[in-house]
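Naming follows writing order (A, B and C), and every chain is counted from residue 1.
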Amino acid sequence: MTLLQIRSLTHWFGGLRAVHDFNLDLLPGELVAIIGPNGAGKTTIFNLITGVYVPSQGEIRFEGQSLIGLQPHEIISLGIARTFQNIRLFKELSVLDNVRIAHYARTHYSIWEALLRLPRFGQEEQRVRYEALELLDIFGLADLAEVPAKSLPYGQQRRLEMARALAIAPKLLLLDEPAAGMNPAEIDQLMDTIRWIRAEFRLTILLIEHQMRVVMNIAERIKVLDFGQTIAEGTPQEVQRNPRVIEAYLGEETIL
Amino acid sequence: MMKKTFWDRWGTPLILLIGFALSMALPASGLINPYIELVLKYIGINIILTISLNLVNGYMGEFSVGHAGFMAIGAYVSSILTVWVFPAAWEGVLFPLALLAGGIAAGLAGLGIAFPSFKTRGDYLAIVTLAFNMIIKSVLENLEVLGGPRGFMGMSKLTTLWWVYLVVVLVVYLARNFVYSSFGRGVLSIREDETAASLVSVNTRQVKVLTFVFSAFLAGLAGGLFAHELQFINPRSFTILKSTDMLVMVYLGGIGSLGGSILGATVFTVVMEGLRSVLQLLNISQEWRLVVAPLMLILLMLFRPQGIMGLREFRFLIPLQERSEAIQKARETARTQRRIGEVRS
Amino acid sequence: MEFYIQQVLNALQVGSVYALIALGYTMVYGILTMINFAHGDIFMVSTYLAFFFSTFFLAVFSNASPLLVFVSTLLVAMFGTALLAVLIERVAYKPLRTAPRISAVITALGVGLFLENFMVAFKPVGPAPRFLPPLIPQINYTFGGVTVSSIQIVIIVVSALVMFLLDTIVRRTMVGMAMRAISWDKFTAPLMGIPVDRVISLTFALGASIAAVGGTLYGMAYTIDPYMGIRIGWWAFISAVVGGIGNIRGAMLGGFILGFVEIFTPVFLPSTYRDFVAFSLLLLLLIFRPTGILGRPVAQKV
């Protein structure tokens, strides 16, 4: 059964067609990449999946359930987590709180239990605290649990964002340009991390990326977008040979 | 070490208990004069108001300038109950019920303000709350049964110092519990980045509704205490001017801090009362007092927008499990019990 | 019938003043996306400038011609108020331009209340209502059952003139173009060689002097007191929002709508319901059409 099914997804911003007739079937455990030049509509697709925008047309189903018209937090709670192109951490809040906030939907106590500190509040808070710290430990951030997120260096902020996404306990992880602003050594490390979390957390991953090296190395399938349209798809080898892709990426041949 | 944990665990309750005893004994013994008692009561009421507004403006980063409206609702509803509904012999005992009812009524009004906040924020929400404040005042002025513009009276002086004390302690406790919970973290995440919050599963609408209702409830409580101290209320007590006082106290103490709210309310109240004596001494018109609050607001915004505390918190206001030592201990446990390996790096 | 014509005239008179003040709110919002909550009180100060100047002027030149009295009062009030507004902008708002937007709004609220309470406490002004001395002779003209006073005519005509002038300035001059450019994109505007600081100061000055025209005209017809900044200012503010804040023609339209609300509410309800009606209108509008009547998203600002 497909985990995520997108059918003829189209989105307009006023008179601009950002996404045109986008289709995707994501099988459980797959790692698929969406590539394309700036403004090709890649991030818009993520925003449509997660309910930030309501699509002009088309259908998005997750485990058979339609996502159209759901609030972002409802969609996320179904098990879809994402990171952002331009890191969006809660900057003034502690590293620990950044991760704990992502436990919101999976924290099971009522407002009364919280206000009156009833037993279930204590149990749940303890569980959330441990789970969050465990995640931070996995990403080597546990020692920084109490510092504000804004004081972390760039690389650690990226890792925190990934830890925060995993705190949702997602089945599907949407990564929006995780390699942006990284040097080659960091990119190698990132690819390891992605492979590793994918195996450990049994994730399906949909990846947007500019760095061809990342995409060609870790993606099993690639979809190429240009001006909102899918111009090619297939395995990395197939895509690399596709003349339309070469044309769209003419200036970036060297990277390919 | 042992001694430290003892004080951490029992220090605060002990001090609170002593405080309660003092709040009963001091006025009765005549050790403090009625004026000092009055100032102490005002400090208490202002602490509640400041925490109330801080939840919305400081913690959530929304912007309300209409909290005096919630206070008005609490004041009128509780007064109606004690004056018209409760039998005179029982009003002392039923007073907490009147306060609660005032708070709940205000909370319901808070629900009404929460909905526009789904779509608008910042200055547009400020206008919504402002309009709400104005409408409440205008409705009260037109309700002849409640005395219209002349106001409502007949309340007994039910607001004793120990009642104020009890309500303040309860409010601080509840607010602390709220702030240090999943809902409280949701509130903070809305302030930081609302879209990102909803994209890490925070139900932002739920959080907003809870916060506005809770905040309005607190303002309503304060209104009830205020009404039964003055024994006379009129719509002009709850104008935008009152809302501005609350803003000054919030930004003076520091946004996003309960300790800041307590400090801000205390310093503001003492300064304003001290000014009364100073002006009297210098034989200057008391009207100059009203110039000070707006001036403080301007100077604060220009020179110290983070207030006295600036997002920090007093240790005794942080729950035991959230203090640094507890987090470090939890970190060790999490490390030893970790189920999966560390990411290669 | 005469009754309604009479009321429409009254509504135009009040509406003109609201519109003039609303322009100041809307211009500043258009250019800085900031609600200048102090603007109502700046208007209030302008009426006192008019009051003190005209009283002094008439005491010195008791037989000056009405035109001279009116025009000189108007100019002095405009100039003084503009100076005050620029001073406030430089001291209280400009340092906060890079701070979170809400800081400037809170400061503006503080400035407004400061002005109001200062005027109450300031002995020469004080809380008591005052009358401006008659700037022009009041003559009543009666047509059928409808009475029009010379003051009413002056208010409506001068307001219309000022609004026309402002509309022309914003649409046709370099200054107006600079204003519109900043309201479109305040980050790119300086790159195009637009002196942003100066244009912003100018906007405050222009908005304040228009409010001073409103203040002088208002003082000719009604009593003035330090609390009118709130009473009249909020109504003008609602006008700006109703018309679509940031939109100049919207502010004019909103002003007249609020003028009609003010005059016609007492026809149907007790007059004490006026605030209730106005603020309910504001609340409904914010919920159902937050951009106001003429406000289109982003486009058509200042």
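FYI, contacts are C-beta pairs under 8 Å (C-beta built on N, C-alpha and C of every residue); 3 or more make two chains touch, one makes a residue touch a chain.
Since the structure is predicted, the reported quantities are computational estimates derived from the model, not experimental observations.
> From the centre of chain B, which chain's CA centre is farthest?
A
> Per the definition of touch at the top, where is the C-beta contact count highest among chain pairs?
By contact count, the leading interface is A-B.
> Indicate the whole-number Å distance between the mean C-alpha point of chain A and the mean C-alpha point of chain B.
Computed value for the inter-centroid distance: 39 Å.
> What whole-number Å value describes the gap between the mean CA coordinates of chain B and chain C?
One centre to the other, that is 35 Å.
> Taking the mean of the C-alpha atoms as each chain's centre, how many Å separate chain A from chain C?
Centres of chain A and chain C (C-alpha means) sit 51 Å apart.
> In the complex of these two chains, what residues of chain C are touching chain B?
Spelled out, the residues of chain C in touch with chain B are 33-35, 92, 95-96, 99, 101-107, 109-114, 117-118, 120-121, 123, 127, 230, 234, 241, 270, 272-273, 275-276, 279-280, 282-283, 286-287, 290.
> If we count contacts the way the header does, which residues on chain B are in touch with chain C in the complex?
So the residues of chain B in touch with chain C come to 63, 65, 116, 119-120, 122-124, 126-128, 131-132, 134-135, 137-139, 141-142, 148-149, 240-241, 244, 247, 251, 285, 287-288, 290-291, 293-298, 301-302, 305.
> Over in the complex, which chain B residues touch chain A? Could you list them?
By the definition above, chain B touches chain A via 174, 177-178, 181-183, 185-186, 188-189, 192-193, 195-205, 210, 311, 321, 324, 327, 330-331, 333-335, 337-345.
> Within the complex, which stretch of chain A touches chain B?
50, 52, 71-73, 76-77, 81-82, 84, 88-93, 96-97, 100-107, 109, 111, 114-117, 121-122, 124-126, 128-130, 133-134, 137-140, 142-143, 145-146, 164-165, 167-168, 189, 192-193, 196-197, 200
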